[in-house]
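To keep things simple, chains are lettered A, B, C and D as they appear, and every chain counts its residues starting from 1.
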């Protein structure tokens, strides 16, 4: 179960490992048969997934339409660059703002809904946004997407850094990922983090204890929407365009899959693992077989059947098992009941 | 299609290592053969255009096999990498990035969906990699979204509409209803058609927009019946079009109005009942054309692909084949793989009619990078029992008669200075 | 192992041996053992949360014990699926009745009907036990009173021809007169040869209609003996069960 | 786009009504088809509280199998094959309508056995397992039959068109709608009039109590899942002659099914039927007067209904909400 206690180090050991891998990636990517651009997308989706897991794993609210806010961020960034001539950082802030406004509005409808009805409302709203992205072609470029975005320079006043190369842009994205990770890590260990977990464990009880449950749900949904918007904005820069497909039900379903296959319900790091597994599977299986989704689907089914808490859950169980073995404890038999 | 091409990048390394070891073992001082030219095939193998994508790819590979059989290009073998672009622009973008940066491809070929073509061409332009849009027929591909590195080989919506509209209004009447798929390609095609309808004296009394993903056209068909037009001009694509076709055919409404449909890609209609193929539509090529060389081409196809369900090559295959062949010929003519030189050769491309197996000479428009070629107007061939012989060619129009004149105005190619030099 | 009291060693209908059970990670039972003989009626008393219901759930296989064993009618049923245990002849009258509210009384009864190796019960036998039941058959269960629901719940269990019937708080929420009806029914069942295990808060009532008693506290058996002993010994009863008993 | 004409006078009003009537009929027919799609979905969700996202893939699989049964490629299969191909088209269609759903039911059994491992855990796990199964089935269909558009041939007895009031209507559409009514009634009779129905309802309400009555609930769940899968297949066989047949046709089916059961209220049989009719009407009417928005109308309808009625039209509280 995903439970955090109030006290946590600002930087944990796993975090250091993650940062080390993140920041060294361009140095060994080529040798490992990978490439920089792949890293860019993986890191962007890690940001997206970490924010999404705030909602799914920590608060227990399944959103199957989160692609909408990712997409709104992507379009937000693109439009900011095309019409407001906004630079990299202002553009990203506007992308976040767009994600915040869109998810905040939707959250007004959602924050009083629970369980399956919550999930279905997210689908319905997600479809509405997706539909509008295709329909409002004057603004969004329709199904062809919003094109001709360019990778700008980051303007620090005194000097500028060009993001044209994948190498430079990778580091920009990686630094943002470091910031987002630190921020979210603090957040889940804050009183607010305790509150959202209380909502997940028992919404009714959380209400009795005195939490303003709808307000917590609204805030966490909006926050994850803002982070999705940021990630969407980054993908827009990476691809130099924004496409409606990122808002489709399929794309929204995939982020849920990634987070869960990694173990978002049991670990802060589940989403990170899930995104990496998905992208590597796609890149490696995808270059071997056209039916890669068949194999990925089977893998996913197997995970849901045998280790529904994902890779992180399976890992956790393995670690616990090894530890118990070491201590020579006898494993207790019998069925577990929740 | 050979399955080995997909694993090429992995095989490459193994082969390279193997050759190196073999070379050492034999103790020869033989120099390694020149590096192969790697071409990235970006056609879809899943999603809405999966089937066309497969046909497209078969065309490319047949051209590549021809060249490899005579020793490759500039003495270098041609290898291919294929990754599914899933009929999804965002995937197209990533696949292009991967192919360029990891698989080190020199050229990218293949697209059916204009969204994917667009996404790939942006990446290609950034890296200066020549990209052939084989089969996407959106007018914007050689208009607003044209690029210096991109060449478009299919006829576009404007070409096809020009071929169809004049004829139909003269024969059937002036009152036209348009049915438009409510997305970019639909609107572009519909707008081009509307302008033509008005030019030739027709009147558009209604434009029924149908959202992408529509599976049930009964409401639309009821409206058409209530309005009783002479002509229905449909710009409905992909799966939607297939649903529309079967529903019109079922009601027998194909004969009641003159239907002008957009282009019919061969893989989309192959195997469907002929009554589903009502109305007229444009295409760039048909295997039943009575021209020299066609029979040999069909025979070559059947020999190369004895197991495909489609027993004859269609327009998508044709475009894929010719795009690839023209690129390889341009490289040979340029004597170098340098992208700027190859682009210049392609811009001057001119292929005689008898070589292209069309009625007119085809040539590249250097301002829009779209191939100018004969456009055929076709309808269902209900008179034949041959399951392959689906079309009757009604007429053919010269490239000049159907030229997309708006494209020249809206296309702004990047300068050569703004296009990175690339010599694969 | 708990002490043996008056039960016939070779004639056990139910034999629960040293079971431990958990709800999630919380342990609810700590090595509980108890027996019910053929044709015997046994009371299981104890405070709220002592683990009484958990024992019934363990017997039914709904909360299988992690340790220990349960046998019914000479057969080990520790890891057997619930429906098999029920088919072997264990009936259950749960504390909140658990009547299916969207169905008619008749349908509820039909759902319980089955054959076992024990004496077969028919609807008319239930009517003899509860004369009012006959007139309820066409009613929707949503509109039944508490007493009527209890009648349906007991009859539904009986139509399953049980050899042992588990009552969970049968008198809970019923008016005094109805409580008496239910208690009479329990006595009658025993007379018909059905073994009975009754979990009750109302200790005096339960002791009056049973042969033996177990008292449970914090998941452990703290007393076992004849019901009459505890009924007579007010001081002991109060020590075990609190001042109200 | 034609706007809705204001009803200024009697004759204009009459014209409006006569114009509208065919669209209402269309909406009704469409609604019945939507209800048919949702039928198996609602059965599984109400009995087992599993949102079966593989519903669409089973829908597609049913149609593909039926296609093969109607027109198998038996040219080289000897006398039995030739004999089979010589049977009337209508008979082969009828065989397909029985055999294909039965085969899909077997696939449904397999899926239910996989799902078993998720019972008693988070509801999302079951849902996601079926999402994975949907991917797998769709890819398997693509590998088996290719990505090509296929064609499920319909016997001439139920195809073609007829003219009424000067408008052409599709015979098949009438058959499909009638079949929709037939299937709805059949499922309702099964649920309301057979002992299985009572067990299914009881199992949906309180699975523990049902097991404690000696009923083999796992076997029942297997049966119900198989039945739901078979109903998905039947919907696929009926719908794909209208929609066309391709590997991802299932996605077109599963999303409306989803919306419909939520609209009607999860667990309510008549809610699902009403939800189907509402969506059908909504799509048909917007199709007539604001066609560009016809597909979005179902989502807007859902948002509207759920904003005012948290559990849909006839929904009750279920475990899916926790």
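Worth pointing out:
Operating definition for what follows: a residue touches a chain if its C-beta (ideal position, glycine included) is under 8 Å from a C-beta of that chain, and two chains touch if they have at least 3 such contacts.
All of these numbers come straight from a predicted model, not from anything done at the bench.
Here the chain at the heart of the shown protein, by mean C-alpha position, is D. Distance from chain A peaks, on a Cα-centroid basis, for C. If you average the CA atoms of chain A and of chain D, the two centres end up 33 Å from each other.
Separation between the centroids of chain A and chain C, computed from CA atoms only, is 52 Å.
One inter-chain figure worth recording: chain B and chain D are separated by 36 Å, centre to centre, where each centre is the mean of the chain's CA atoms. Remark: chain B and chain C have CA centroids separated by 76 Å (rounded to whole angstrom). Among all residues of chain B, those that touch two or more other chains are 45-46, 182, 211. Shared contact sites, meaning residues of chain D that touch two or more other chains, fall at 142, 292, 295-296. Note for the complex: chain D touches chain B at residues 1-2, 19, 22-23, 26, 29-30, 142, 146-151, 159-161, 166-170, 172-173, 241-244, 246, 248, 252, 283-284, 287-288, 291-296.
Across the interface of their complex, chain B is touched by residues 33-38, 41, 131, 134-135, 137, 141-145, 147-148, 166, 235, 239-241, 243, 245-246, 283, 286-290, 293 of chain A. Touching chain D in their complex are the following residues of chain B: 45-47, 50-51, 54, 182, 206-211, 213-216, 218-223, 225-226, 239, 242-243, 246-247, 250-253, 256, 267-268, 270-273, 309. Residues 195, 198-199, 201-202, 205-206, 208-218 of chain D touch chain C in their complex. Of all the residues in chain C, the ones that touch chain D in their complex are 60, 62, 81-83, 86-87, 92, 94, 98, 100-103, 107, 110-112, 114, 156, 160.
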